[in-house]
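Here the structure comes first, spelled out in structure tokens, and everything after it is commentary.
The first chain written gets the first letter, and so on, giving A, B and C; residue counts start at 1 in each chain.
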Amino acid sequence: MLYLFLRRLLFVVPILFLVSILVFSFVLLIPGDPAVTLAGDNPTPEQIAQIRDKLGLDDPIIVQYGHWVDDLVHGDLGDSLFTGRSVWKSIKERLPVTISLASLSLLFALIIAVPAGIIAATNRGRWIDSLTTVGASLGLAMPSFWLGLILVLVFGLKLGWLPATGFVPISESPWQWLKHLVLPALTLGAAAAAETTRQLRASLSDVLDQDYVRTARAKGLGWRSVVFKHGMKNAAIPVITVIGFQVAFLLGGSVIVEQLFALPGLGGLAIRAVLDRDVPIIQGIVMFAATIVIAINLIVDMLYGFLNPKVRSS
Amino acid sequence: MSSAAQPDLNATVGDRAAPAATGVVALQVDGLVVEFATDRGWARVVDGVSYAVASGETLAIVGESGSGKSVSNLATMGLLARSARVPAGTALLEGTDLLELSQRQLEDVRGDRIAMIFQEPMTSLNPAFRVGDQIAEVVRKHRHASRRDAWRRAVEVLDLVGIPRAADRARAYPHEFSGGMRQRVMIAMALACEPLVIIADEPTTALDVTIQAQVLDLLRATRDELGMALLFITHDLGVVADVADRVMVMYAGQAVETGTVDEIFFHPMHPYTEGLLRSMPQVGTQGRTLASIPGQPPAPWSMPGGCRFAPRCPYAIDACRAAPVPLVELTPGHQVRCVRAHELTLRGAA
Amino acid sequence: MSGSDGSFDREMDFQDPWTGFTGWGDTAADDVTGESAARRFVRRFAGHRVAVLALVLIVLLILVAIFAPTIAPFDPNKQSLANHLKGPSSTHWLGTDELGRDVLSRIVYGSRVSLTAALQAVVIAVLLGVPPGLLAGFFGSWIDVIISRLTDAVMSFPPLLLAIGIVGVFGAGLRNAMLAVGIIFAPRFLRLTRSAVLSVRQETYIEASRSIGTSTTRILRTRILPNILSPLVVQISLSLGFAMLAEAGLSFLGLGVQPPQASWGAMVGRAYRYLDEAPTLVIFPGLAIVLAVLGFNLLGDGLRDSFGRETRKGGA
């Protein structure tokens, strides 16, 4: 297991390297003279020079990249072009909101998807299976902001059960925290729930057709034992891959949902940075998110090892 | 056990099982019918099959794929797909009709009183669990044994089926075994609770010839040692001579000939049996193309009106196509479903 | 156990009834193996009710986009402040927006924006994904390693966030937004192409045609392209749906289409301030998105099922 971890870690390094190059190249991709473009409308020559200096645009590209990565490794993502605040500080400040939202969404998604997938797979071809499939297709086809607005309309405005906007830190009041996050998390988690349901239905149906499931039944094991023990341990492998992917989607999707529900998370920071063309913040957020996704993938690989003895021993 | 009485010569016995040769009848199946839901309605894939197997005895069920030989046994085990139904028949095991039991009741019988070995050792074991655990699971379910006792029993049966260093190997995962060894694990799993009947569905088909012989030896030895009844399902008559006492040949969902191994091999009465014997690779047939039976078995939804084998039978005459042919007993224990059984002289194996 | 009298070997003079016998010819089970691949596809697709329905939906959508000027009852940009935020009525079937514009007409015209945007993104994704996928799969070795690692890197970004980042760099606007979505989708096409090429390459006939000196481009054209076509078509259909969602999301955030032009996502983005007063303003454009995306997704699923190999599991 440790060997597998080290080997996977070795695999991560070149990817992180490539990701950092891609993120760094954002500056290079800015059309025209980046300093002029970034300085906004009617810049003074001083402003342009300041930006040029801040981004080190006069150095050779390799040197620029070297500086950038050096800072990155030391936890320095640079400073905002406009406020001059440390990017890492801004991210850290807003991170709890995004983490709360993303993890609660994932939790909701699993609470919906696991039973739904199992019910569909064990009742293939029956009405409940069709219902689940239709529901999953709808969940994938709905834009998150639209679903969010419908939920706000029904549960916020018409019924008045849940607040439509705002955020309360969990340290202040866990109950208020949850109340404010229910609608956003449902909104963000719907697509993840749909995708996970589809994958679980497909892989569990596949597993239940396997010879070893027939063997388990021939042994006299009950339905529960066959589905949950013999079925799920094998069906979980592709499902975990999909859940790993979902984390990336949730991090991206949170931008829209945070905007919709006025949550002060990373999404708001990103949108403002994009509209301001505040490249260091954009780079910082994208790099940070990519690192999280890579870490999640590493965890997923470890889970494979746990679930599949073949991976472990090879 | 009324069918143990001696039937008259030429009597129709299609709905009654032939008496077992030795010992006490362990499993007796009568008039079994299995149907599958298809686009064309219910397709009858097993049509009134009867057989019995006694303790210490081996009955081989032989037929091409699709003849219904596997489906009949899956039906008695209650392991049919949801799209199948069993509209008629009984399967008596220790006085209980398995076909009358609920799934819950069947779970107590399966793996305990009646066990099954499948064709594909590569895919029939769960890749995610240690083989010892997979065997211990049966013991814990049926014997309510402690974790430790069940494990000990698992090692014991692994040793019994000839797995070297059984105590160590029990900790291994299926992918760490060869095909032949996996089939031994499957046999060990079937033996774990010392069942009355073992159904082996093509247990050697996926194996190399030398490994085949070893597994057959093992099956025969354990049957003799533990005195259980063995139902051996195969498409390969060559294997049958080595293990079986009696043989039932199935075609298109029906038994077409039943008899002792010697009767089937040396005095076949049904043209289909003769065809199977001819298509068997034999010593001294090098240089001659292996004869196979022309054509394909009929689909369940378009069964011929008369003899189901007639379209592929070189001996077929108009009488064969006129009406369904009953299974008749020509000599005690030797039953045939052929209009011309009396007049034909068929050739057996060399 | 050698039966001395019944053996075929010793009595070669005996007339064997099986010799030359080929059956009486009436056993044919229903045989579909002689069917061509295209006919099988059509038969299976036609039997897939949901997929056919989805196809009809997509065709209708395309017709609406083409004939928008004839179909739309009003000028989509004509304002009438006196009539703003009106609910559905007999003149304005789906009501009017905050500037008094007819919502139905705007949805009809919006279909043009949404469809072409999705198409742009997918074309970019195909152009960026398929050629390197072919290269990686066909030549292997270090080319494959570099391209595959780069794909892994791009796939490590949260998709929407990467798109937002790219738009941030290039500037807001529909074209840049769709370029970003295209870049996000490219790795899917790359991986799909690469694995399809790899599986075809392993088939012996490729080796055979290589050994007789067939040129690489000819092998690509005659052997590999036909084989990747069906997974490609499926992926294109699914990607069109997702591209539409991505466009809607970016336009909702104000990073995509710019006013006065309106895509469905942008319409919802403008309308959500009036959610309380005029909920239909949010509901209808959103429904249009759901229907269109559902159409592409279900069509993609249906195509995949119809292209796939026959997977009939027999009873025994």
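Assume a residue touches a chain if its C-beta (ideal position, glycine included) is under 8 Å from a C-beta of that chain, and two chains touch if they have at least 3 such contacts.
Everything numeric here is computed off the predicted structure, so don't read it as measured data.
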item: Of A-B and A-C, whichever chain pair has more C-beta contact pairs; value: A-C
item: Chain closest to the middle, measuring from C-alpha centroids that were averaged per chain; value: C
item: Between chain C and chain B, distance of the C-alpha-averaged centres to the nearest whole Å; value: 48
item: Distance between chain centroids, defined by C-alpha means - chain A, chain B (Å); value: 54
item: Averaged-CA centre spacing for the pair chain C and chain A, given as whole angstrom; value: 24
item: Numbers and ranges of chain C residues touching at least 2 other chains; value: none
item: Sites on chain A touched by chain B in the complex; value: 210-212, 214-223, 230, 233-234, 307-310, 313
item: Of all residues in chain C, those that touch chain A in their complex; value: 149-150, 152-154, 156-172, 241, 245, 248-249, 252-255, 265, 268-269, 272, 275-276, 279, 282-283, 286, 289-291, 293-294, 297-298, 313
item: Complex interface listing, chain C residues touching chain B; value: 1-3, 6-9, 17-18, 21-30, 314-316
item: Of chain B, residues touching chain A in the complex; value: 77, 79, 103-104, 106-112, 115-116, 118, 120, 123-129, 137-138, 141-142, 173, 175-176, 186, 189
item: Interfacial residue positions of chain A with respect to chain C in the complex; value: 14-15, 18-19, 22-23, 26, 29-31, 137-138, 140-146, 149-150, 152-153, 157, 209, 248-253, 255-256, 259-260, 270-271, 273-275, 277, 279, 282-283, 285-286, 289-290, 293-294, 297
